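Consider the two complexes below, in which chain A is the common component and chain B and chain C are the respective partners.
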Partner chain A sequence: MTTRREFLKIAGVATTTMVLPAQASNGPHLDSERFGVLADLTLCIGCRKCEWACAGANELSSYPIEYYDDTCVFEKYRRPTTTEYTVVNRFPASETSVQTDAKVQCMHCEHPACVSACIVGALQKDPMGPVTYDADKCIGCRYCMVACTFQVPAYEYLNATTPQVRKCTLCSDKTLNGSGKPACVEICPREALTFGKRSELLKIAEQRIRRNPDRYIDHVYGEKEAGGTSWMMISGTDFKELKFPEVGDESPAVVTETIQHGIFRGFSGPLMLLGLLGATMKAMKKDPSDG
Partner chain B sequence: MANTRPAPLNTGVPFLTKGTWVLIILAVSGISVLIARLFFGLSFVTNLDDQYPWGIWIAIDVATGVALAAGGFTTAFLAHVIHAHRYHALVRPALLTAMFGYTFAALGVCVDLGRYYNIWHVMLPSMWQGNSVLFEVGICVMMYVTVLYIEFLPIVCERFCGRVNLPGIFAKLNKPVDNLLHFLQRIMHKFISFFILAGVVLSCAHQSSLGSLMVIAPGKVHQLWHSPVLPLLFLLSAFASGLAMATFESLVAAKAFGLKPEIHILRRLGRFIPILLIVYFGAKLIDLVNRDVLPLLLENSVQSIMFWIEITVGIVAPTILLLSEKIRQNPATLLFSVSLVVFGIIINRVNVFIIAYKPLYADKIYVPAWTEVLLTVGFMSILILLYRTYVFIFPILEMEEQGSDV
Partner chain C sequence: MFKQIFLIFLLLVTAAFGQLVDKDHATTHPERSVNTCLECKDCHTCDNPTREAPCLTSCPRHSHHFYGQHTSGEGPDVVIIDQLKNHYGPVAFAHRLHSAMSEMTGGCNNCHHYSEKDGVIPSCKECHLEESDDLSISMPSLKGAYHRQCINCHRDWAHDNACSFCHEPTDSEIPENLDTTDIVGVPHPRIQATSSYNYVTSYEDGPIVTFHHDDHVTLFGGQCSDCHKGDSCSRCHDETKQVQQINHLTSCCSCHQERDCLFCHSTQPKPPFQHRLTTGWDLEPYHTKTACKTCHNNPGSFKTPSAHCNDCHIHWDSGSFDHKITGLVLSEDHLDNDCVDCHSDRNFELQPECSECHDEITYPEELPGEKFR
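Up next is the complex of A and B:
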């Protein structure tokens, strides 16, 4: 009967260890000096110059600047695509709101679900802010697109051999080495976009709302959404009407990372199960000589 | 009862039948879709877009395929871990289905991957991404496929030890190959227990992690399914699925190959299925109550209808049926009951990955392209053909003892 006693002992140890508290996830390392962009939608006039500058900076297309004068595009709500990392949508005035133009692009989350989901670490959160993508690592599973809280990444489905996930880079080639601002910020004729330290931008946003409470609704979109984002918006129209998703203050990655780490940290869960099953296997062996 | 033991199929059923030809045609069609995908890209053969990055190749080929291949680890657990020897007859067929099921789930992923040639990145420690649920699924499935092939080795040894007879110029290799098989047989005898245990652990790990996959998209997955306990629900349903599939396969194989249904084993195994289903259903119910989403059951939507189908046809009905000894004793009614369980599992996985998935900015809903369906059907056909081939060659199914060997 020794085997049975052994089995019970191991089973006991295994169960006690299994109920130990799971370690919650803290998200990626962030620099306190990290930057971001503040978009003041009340200043945006929908000139789409940012779309043109973005296409040029990222070598996405080479339409002349006049091409972007066309306001017909506002008839349909648009989303970023593989060749347009940013698009401006126009929302006509309604009984409760004024006409608003709203730029859409990757929000560069502080704790991005896409980075947490990426199977090979092709997507990374830079401590300074940008969520970067390394196509050479990517296996093309598109789990980032499933995970993205804001439904931003676009995929090159037409490309049979080397498709990439495409999204705003926050012009990380310039912004990370301090040689410049994002192309959209640089070109904006109305200075609706402000590039700077995220903590400073938050202060500016709150200041503008405080000084002009009639002009703005009291909400900095991106301050807390999904755990905070590098891009933040202030507006005179409710963000729900501008088709920005209503998301909680916690990154969805927190839940999945807590589950994952709870079960798999140090392979403790699987190893305990292995031990438990091994003990069962031994204890329940119907060997006549074992008594 | 006649003495039986596993042996290559010897009932006189021909390998090629009308049905086999249909499967071959479907298999070839599926492969042509695969070739088209390789040359012309995903957009050419799928209806996937930026709103719906995952379609039936993930929902059915991978998620459902893996759930239905759960017979491998559940029967291994019964027969080898808790030594319920009477279920031995089910282990080999289930192992074979699991082996091919996982192989094709992995192939399904590769077809769906934009950069399939980078799949090996998942094995590179420098690219390991411990936060990713998909990484956990990927690495576990890769290891489990390996374990399954290792678990199959003893069957190869048993069949060919002392009988290696290679054709033509390869005849010279007969002796070395035979030695190798004998060597493997000795080694495997020592380590097989470890691999069986590892297989059960790896299965529990990735069956549950498959459920965690959609937890990261709370805004897009319908509240009837989106829950932090999805991994637990996937694991619990995989247990029921495994036993139901083992029963299903055994009965279908008996029919297809002219064997006597192993009803004396299956009716005992069948007792466990309603228990597992009740546990699964209970967990599902508690979760719904906990999350306060019961009112959604009365919502007039495709989602709520699909949820009702999932629980009534796939869980409640087979539970009631299988609780009856009379129904479990009759091969026809038993087959019908376990088919409902299998159907319920398929519907559940499709629900979680496709029906429940509501992207934020979709202007149309995802319906698979005919080519997507054809590839899925083609892969399933290849799987069945391989199973058929293997039971003709290897000692998988229980045959009545015969005087002379094959």
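Up next is the complex of A and C:
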């Protein structure tokens, strides 16, 4: 026969152990050798070969290479879609800037909001860099699309039976086992895209900016944006003009995770209160029979 | 004795510690951690580089080490770049031409950013690897190096990224009669011109003028210099990106002497010239390669041919000529006719006459056989 005091003890310990593991996250585990891509927008000429290579590598479409010579697409600003994991946009020269072509794709954040929002773990941050997607786990809630800072994930609305969330994979089938570079990096004729260790790329980016201060603005987009991203850009034009979103240096996932985990940690209080209430009610129910 | 053993022990410990420090340095050094084949001397000139005084060797690209004194006449005439062919054929780079052009600006080191102390220019592939590895990550590979050099100027001047500007598409057919040696009187690399242009003019009755460049070059046998003689380089290689006004009085009217504006001007784009549609006489299949002037020898007038069929086909007569090649198989009744029975005066361009034999029959309402094409 447990006494009231013993019951309260057990209840208290149980709630505490239940709540303890849910703590504010410091982000996913990352390898110090993790890789990324540096895009030098001053070298990009908008040839759209990356789009062609991407479509082929991911079996998204089978247009011939000539199809991508069409520059009329630059008339409208484009975003990645379910059949185009990457698109190049052209920004004409203005009074303050030169003509710049800028590639858009999943940035593969260091602390991705989509991974944080995914309730089934279909999206995962690989310690080596890529944000991977497991279609078998995905339930199609599309929280990732809402969560993404860069509005990248696209959803196959036209696929009625097995729709998937589609976004750049950083060619993880090749890059994770070290057998190759992403398709877009491989094809880029001017090597505006450099694939390598993120730490090395940051050094190269800083070196290029330091050596050619007239050519570049002093900003590596993705070094700190949204807590840092695997894709990083250097440019001669302000990133605001290139429609790169202005995001803070902290990953939005940090904010949401802190709030949410904080609430759950705080639940130990209400739970204990509830336990106390239940125990009191039980005790009060017993009282008449005693007396 | 004890003292000696202690000293030896101390030495061993020091040596081991030294090894440890060296090894530690080797693995933590940013470049060494990437590639262990790299020797210290590869980057540092002194024996004991420190963080404060690294005594690094200078990178050829960024210091522009160029000692050479060369003239445009030196070096190869044409360089074939085919190390990296995949979708496109090899590139024939007109080296002599480019070196002549670069004499107007920066000279050889416009492109050759590095040469040995004795002035010898190494080829691109001596430094730039075919595949960049982790160590050379900040240096473009051969593919990147070539493209960065070429596209810089070609993009500014031609406003075009097309691969075919340098790379011959492997499946293309080059028009044989295209003479590329006569533009502005100097040899010029092959030009890929737009096949047709639609000019919008201020002429109200027919604002649109369609100019089929392809037709003029391949079909009408025009030479580049017929229209482009005396063009300045900046007509095509303009950095100002301003479309130059075309003076049609000199460029078009030097050949077209029509006084009818609507010959060129129209309210909608015109299709390319097809002999069959315009004249009713099909060049297919035997006369497609015949030059216009073979039959139309009167300058400025193409209305009627100046030459006639039997100027060339002198052996045509009823016994030797297979009428089938005209697309009309003669019926048995007509097989034995003489040519002049239908084609009076042996003028084969004129409509054949049936009235010689038949009262009520006219060509082409009724045919002397069966038409199959």
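Note that in this section the second predicted complex is superposed on the first by the 245 of 291 C-alpha atoms of A that agree within 3 Å, B and C clash if a C-alpha of one lies under 4 Å from a C-alpha of the other, contacts with A are read in each partner's own complex, and residues count from 1 in each chain.
Everything that follows uses one rule, which is that a contact is a pair of C-beta atoms (placed from the backbone, for glycine too) under 8 Å apart; a residue touches a chain by one contact, two chains touch by 3 or more.
Keep in mind that this is a model prediction, so the values were computed, not measured.
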Looking at the overlay on chain A, is there a clash between chain B and chain C, or do the two fit?
fit
Once the two complexes are aligned on chain A, which partner has more residues of chain A within touching range, chain B or chain C?
B
Considering only the touch criterion stated at the top, classify A:Ile65 as touching first (chain B), second (chain C), both, or neither.
second
For A:Pro252, using the defined touch cut-off, is the partner it touches chain B, chain C, both, or neither? Pick first, second, both or neither.
first
Quick one: is A:Cys118 in contact with chain B, with chain C, with both, or with neither? Answer first, second, both or neither.
first
One more residue to check, A:Thr194. First (chain B), second (chain C), both or neither?
second
Based on the superposed arrangement, let me know which partner A:Arg211 touches: chain B (first), chain C (second), both, or neither?
second
Quick check for you: in the superposed arrangement, does A:Leu43 touch first (chain B), second (chain C), both or neither?
second
Give one of first, second, both or neither to describe whether A:Val146 is in contact with chain B, with chain C, with both, or with none.
first
In whole Å, chain B and chain C in the superposition are separated at their closest C-alpha atoms by 28
Doubly contacted residues of chain A, that is, touched by chain B and again by chain C
none
What part of chain C is in contact with chain A in the complex they form?
30, 34, 62, 87, 132, 134, 137-138, 140-141, 143-144, 147-148, 151, 155, 161-163
Residue numbers of chain A touching chain B in their complex, please.
25, 77, 79, 81, 113, 115-121, 137-143, 145-147, 149-151, 153-164, 243, 245, 247-248, 252-253, 255-257, 259-261, 263-264, 269-270, 273-274, 277-278, 280-281, 284-286
Residues on chain B engaged by chain A in the complex (per definition of touch):
37-44, 46, 48-51, 53-54, 77, 80-83, 85, 109, 112-116, 118-119, 121-122, 124, 127-136, 138, 193, 197-198, 200-202, 204-205, 208-209, 212-220, 228, 231, 357, 359-361
What residues of chain A sit close enough to touch chain C in their complex?
43, 45-47, 65, 69, 71, 188-191, 194, 196-197, 200-201, 203-204, 207, 211
